[in-house]
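After this come two complexes, each holding subunit A, first together with subunit B and then together with subunit C.
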Partner chain A sequence: MRLVRSEHTAGWAFILPAVVLIVAFGLVPIVWALLLSFQSSDFVSPPKWVGLANYQALRHDPDFRAAIVRTLEYTAIFVPVVVLGGLGVAVLLNAKVRFISIYRTAFFVPVACSTVATAIIFNWLLEPTFGLVNWVLGWFSLGPYGFFQDPNQALFSVVLMTSWGWIGFNAIIYLAALQGIPGELLEAAEIDGASRFVTFWRVVWPLLGPATLLLVVWSSINALQVFDEIYVSTRGGPLQATTVVVYYLYEQAFRFFAAGYGAAIAYVLFVAILLLTLLQLWIGRRRVHYTS
Partner chain B sequence: MNRRTLPLVALLLAVVIGGLAVGSVGARSKASPTKVVLWHGYTDYEAKAIKAAVASYNKTHPNVHVTAQFYGNADYALQKVLTAIAGGKYPDIAYLYGSWAANIAKSPKTLDLTQRVKDPSFQFDDIWRAARAVGRVNGKVIGVPALIDNLALVYNKKLFRQAHVPFPTAKWTWADMRRAAKTLTNRGKKQFGWAYVNDGSEDTVWRFEALLWEAGGNILTSDGKHAAFNTSAGVKALKFLQQTVVKDKSVYLDSGNGNYANLFNSGRIAMLYTGPWDLASFPNVDYGVQILPRDRNHQTISGPDNWVLFDNGTQRSTAAWNFMKWFLSTNEHLKIALATGELPLRRSELKQPGYKRYVKKYKGIGTFVRNLANAEKSRPTTEKYPRISEAMGLAVQSVLLGKAQPKAALDKAAAKVDAILRTP
Partner chain C sequence: MSEHTVQVPVAEAGVEGVWRRFVPSPRHALLLPLALVMLTPLAWMLMTSIQTPDEAMHFPPVLPSGIHWQNYTDALHAAPFGRFFFNTALVTGACVLGNLLLCSLAGYAFARLRFFGRDVVFVVILATLMVPFQVVMIPTFIIMKDLGLIDSLGALIVPNLVTPFGIFLMRQFFRTLPIDLEEAARIDGCSRLGTLFRVVLPLSGPALATLAVITFLYSWNDFLWPLIVIQSDSHMTLQLGLSTFQGAHATNWTLLMAGNVMAVLPMLLAFLLAQRQFVNSIAAVGVKG
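Then we have the complex of A and B:
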């Protein structure tokens, strides 16, 4: 009885369900995918060990290269849009006006929206002939645009859709950071005669550093892994204009049943994200001040 | 983990394992009839129909107990079945898309039905040829037909009357189709003559394949080693699409979200190339159904699916096969057709008294049944087909987006397909 009552045992007992779940659905698949990436497997016949062949094939796969370029383009647009957009919204929501909680809720609703629902809504909003967006643009003699159906506009349209869903989240983080800025610092700046712009640039922005770092890292990871919205809205098209790395992986593994090849793509992406995150954190450590 | 925690973990494990063991023993001791597990993705009235069939079989066959289990969306059934096989606990029968036949054929657990279907009482030849073809992989029969459909021309009668265009006839040509589509298009009213799914997926490809066959072309050469769709027939078929879409602008291009069905139902689109599964989505439209307009002939394409049987030992395999034989018999399948609106699988179903009720119950279905005779060719059953389809889909899509010309696009796709076919 002494054993069962001991705190140590109780601690283990409490976390055991979580540990089992994480091992079963987290660690095991991660290791299994790594093994799979060294195999030629179609999920059906017994897998064959092929060593690094999948990774070598990836180096010469023009479609994979195109998917990487597309993913980087997407990330390069998405991250600034959602980080700066989130900051802008947060500054507005930090104002002392009436009904502010209603506005805050309104901006956060898209975050709570499932990505699939978002994509279905945007499918209709951005529909070239019958969509609301082209209809409204028509009042100003703009458009009609092809959006998801035009290979040159599809990737931008996806950014439009995904950033709608993400800006609210970033705004909440920034809002919390803004409210954490000590009032006496702002007062001091005011007394020193700093203009609102200078106050923002010299006092507020540096103090938001940790939040900015977090959001840049988080948004980049999200951008590099974008999948759901593309799966529901454009399915990688038209003419592969939105075939990003994860969508390409999905096609290889679950449309063409090249499971080993898909796993190799997943590991390349994993290493790329790891390196990028380390780089961002390294830059962040030199530039971000954690104390005011 | 230290020594003090070990007994607790061991205790937990013991409870879990013990529970599993007790559970399985309990299940076994009761089981005297042979178990047959069938996986399907039916919902609603289709699920009701299959449950009713299974219940009536179990009542009349006390030695066998068939269980119909819902596996979720049929789109992901192959992954689920493969996972189940890998886990060692898999169904005896599963509903699988015809396009997966070549993949599932490779599993050592898939039953070879080549000898079974020769059983004279099964009357395999009574089933439509196109449905039989999709279960045949490298000469082996790995599945029996579960469903057959085909593409026909579905049109909105009201829009035809408004535009003073006579309804499509069984003698329509591509030129008639193109002319009607143009007349029925009204940009101001945002009304289109026709719709085409242009996401480059199999939805794009199989409609093109019907046109290709009508023009006398083929997907692959008869030895299956080379692409054959970049011939004059293929170019002609793609040009027909190009002219109606790019030149006439009389076609609504659906980006793969199925918007076309909603738009047809709200009277924005006059004609569709579609199958019986879509008819229930058009409650607001007084529609007619006609066979596809012809070029050299009126061929159509059908997308049959299979029941695939898996090896769980001879006793269960035999029981599963016997159930399938009963389930696919003329009378039983007609009952399913009556309840669900699925097309008959057997010619003999058309001669049954119930068939008249069926045609009356589902508007336009008679044309789809007659059209089965036009389903002369089938898509190649090779596990490379998804890649072949991708190459063809990109070709069609690029032409319809105005980014390429038919001949060049098809040649490029053919080169890709040849390379795909060369890899082992």
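Then we have the complex of A and C:
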């Protein structure tokens, strides 16, 4: 009995510092944000209860609707690019050829580059008049393009910029998964006379299922929350062409000090992320086979 | 069985080994140009950072005629990069240490001790993992305001001293360790805290390294939270300082690239020196998370 009680005390003593911090900066803010989303608040004067008014206003807010559409567009392009790009790079890197460690470094090093630094570099690379990319495209008689300064190209330019860092990240995870595939399986396929393409499609790709599911979920969550690169490169412009949901939320809450409205946007985003993740996991469960 | 496993690899290694020595693998035809494309942004940043403004604003682009160090001294005069670096190192160091200690303690308790409410508390902590940061940031900002921590490094450190993910990571790792050693230590009269610090943690190098790397990357590169709570130059982190610097010198590309190089260099060097550790940590999180 004494022993058991001491385990209660020890257990709680061990988790107490973590629990206090997680309650204070996790649980309390989660509940508070929900309450805040039913209030009108400017951070200074006492908040006023407004019921569902914030959510109703959101429903009729054309800027918010446009931000949702843009975020979904961005996600729909970004996720396939970085998942398939990561897969392609990982397949190329999964070989014992000369200089392979140098190649790996080249593909992985953007992961160490912060979002802010990435955005500043791409601002320069995609500069319409003096930028490197327009110069190179000029060799092929393409362009010059406006990139971040053209409302029709800005969102695609953002994808180009964010993919640079994320392809390497996804390639790391795919490469680890590829190296976890037992060599006997590949040899067996080769002995059975399967072509490289068939081996990849019938043996490798199914075995990569868990990694693919993870990366699709993870990349989608990241895409729906994209902010840093957009803040630094375009500030949501031009003509709001890159005002995604989190950028809109930031503006509402911290530029126009509409804390309650911001909290409502945050909760809509939360529910959207949750639903999309559950949907992806549900589809994944039926398609992905876990071997171990 | 032995016939296949012996013959096939030997034959393959023989033929391909000889072939490979003389003819480069066709893979290089894809790998080399792609790798160059991936490296171009960083190379271009370095190049512009040592050009004169006239060289940078030349179209078509030209190579630098020499190393124009003045961009770097100008950047250092325009913004306190040393201060930004110091602040970032302090915040990141505190967050890494806090996570290593607090996540180990909590993770160990969740993995090994039986106490009242354990499973409920653990599930609630895991549930907070699903909530995006944007949900908590507005109330956390208000909490920081009430605590008087706005525009201080404390606002960057305190909420990030522990992460639900870190607790989960450490718990999962501790559960894979054989329990015999811990029981032996307990029988020899070692306290629970002693068992954790003298027996369990010395065996937990890989998990601690993963947690340290992930926290380091996250903390060093964090932008949105510092953007909200920090206002004065003297409390800015590298990322926030860099963004402010960019806002002030929007088209002064040589100056911007020099500042960017200084801001990226520490992390790039850390990555190049400890690449294996970085890559393994990201892969480990990917595989387990």
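One rule holds for everything that comes next: the second predicted complex is superposed on the first by the 275 of 292 C-alpha atoms of A that agree within 3 Å, B and C clash if a C-alpha of one lies under 4 Å from a C-alpha of the other, contacts with A are read in each partner's own complex, and residues count from 1 in each chain.
The definition used in the following text is that a residue touches a chain if its C-beta (ideal position, glycine included) is under 8 Å from a C-beta of that chain, and two chains touch if they have at least 3 such contacts.
All values derive from a computational prediction rather than experimental measurement.
*Asks:* So, A:P151: does it touch subunit B (first), subunit C (second), both, or neither?
*Replies:* A:P151 contacts subunit B only, not subunit C.
*Asks:* Tell me which partner A:Y55 touches in the superposition: subunit B (first), subunit C (second), both or neither.
*Replies:* Touch partners of A:Y55: none, neither subunit B nor subunit C.
*Asks:* Determine, under the contact definition given at the top, whether A:G168 touches first (subunit B), second (subunit C), both, or neither.
*Replies:* Touch status of A:G168: second partner only.
*Asks:* For A:P29, is the partner it touches subunit B (first), subunit C (second), both, or none of the two (neither)?
*Replies:* A:P29 contacts subunit C only, not subunit B.
*Asks:* With the two complexes superposed on chain A, say which partner A:T234 touches: subunit B (first), subunit C (second), both, or neither.
*Replies:* In the superposed model, A:T234 contacts subunit B only, not subunit C.
*Asks:* Quick one: subunit B or subunit C, who's touching more of subunit A?
*Replies:* Counted on subunit A, the partner with more touching residues turns out to be C.
*Asks:* Which holds for A:F200: it touches subunit B only (first), subunit C only (second), both, or neither?
*Replies:* A:F200 sits against neither subunit B nor subunit C.
*Asks:* Is A:A177 in contact with subunit B, with subunit C, with both, or with neither (first, second, both, neither)?
*Replies:* second
*Asks:* With the two complexes superposed on chain A, say which partner A:R255 touches: subunit B (first), subunit C (second), both, or neither.
*Replies:* Only subunit B is touched by A:R255; subunit C is not.
*Asks:* Where does A:D42 make contact in the superposed view: on subunit B (first), on subunit C (second), on both, or on neither?
*Replies:* first
*Asks:* By the touch definition above, which subunit A residues appear in both interfaces, subunit B in one complex and subunit C in the other?
*Replies:* Dual-contact residues (subunit A): 4, 8-9, 12, 43, 120, 123-124, 127, 129-130, 254.
*Asks:* For subunit A, which residues are in contact with subunit B within the complex?
*Replies:* 3-4, 6, 8-9, 12-13, 16, 42-45, 120, 123-124, 127, 129-130, 148-151, 233-235, 237-240, 251, 254-257
*Asks:* Give the list of subunit B residues in touch with subunit A in this complex.
*Replies:* Residue list for subunit B touching subunit A: 1-2, 4-5, 7-9, 12, 79, 82, 86, 103-104, 106-107, 190, 198-201, 252-253, 255-257, 259, 263, 268, 383, 386-387, 390, 394, 397-398, 401, 403.
*Asks:* Quick check on the complex: what are the subunit C residues that touch subunit A?
*Replies:* 4-5, 8-9, 20, 24-25, 27-28, 30-31, 34-36, 38-42, 44-45, 48, 56-61, 102-103, 105-106, 108-110, 113-116, 118, 121, 124-125, 128, 130-143, 145, 158-159, 161-162, 164, 167, 192, 217, 220-221, 223-224, 227-228, 238-240, 242-243, 246, 253, 256-257, 260, 263-264, 267-268, 270-272, 275, 278-279, 282-283, 286-287, 289
*Asks:* Under the definition above, what is the set of subunit A residues touching subunit C in their complex?
*Replies:* Against subunit C, the touching part of subunit A is residues 4, 7-12, 14-15, 17-19, 21-22, 24-30, 32-33, 36, 43, 89, 92-93, 95, 97-99, 102-118, 120-125, 127, 129-130, 132, 135, 138, 164, 168-169, 172-173, 175-177, 180, 184, 187, 190-191, 211, 214-215, 221, 225, 227-228, 231-232, 246, 249-250, 253-254, 259, 262-263, 266-267, 269-270, 273-274, 277.
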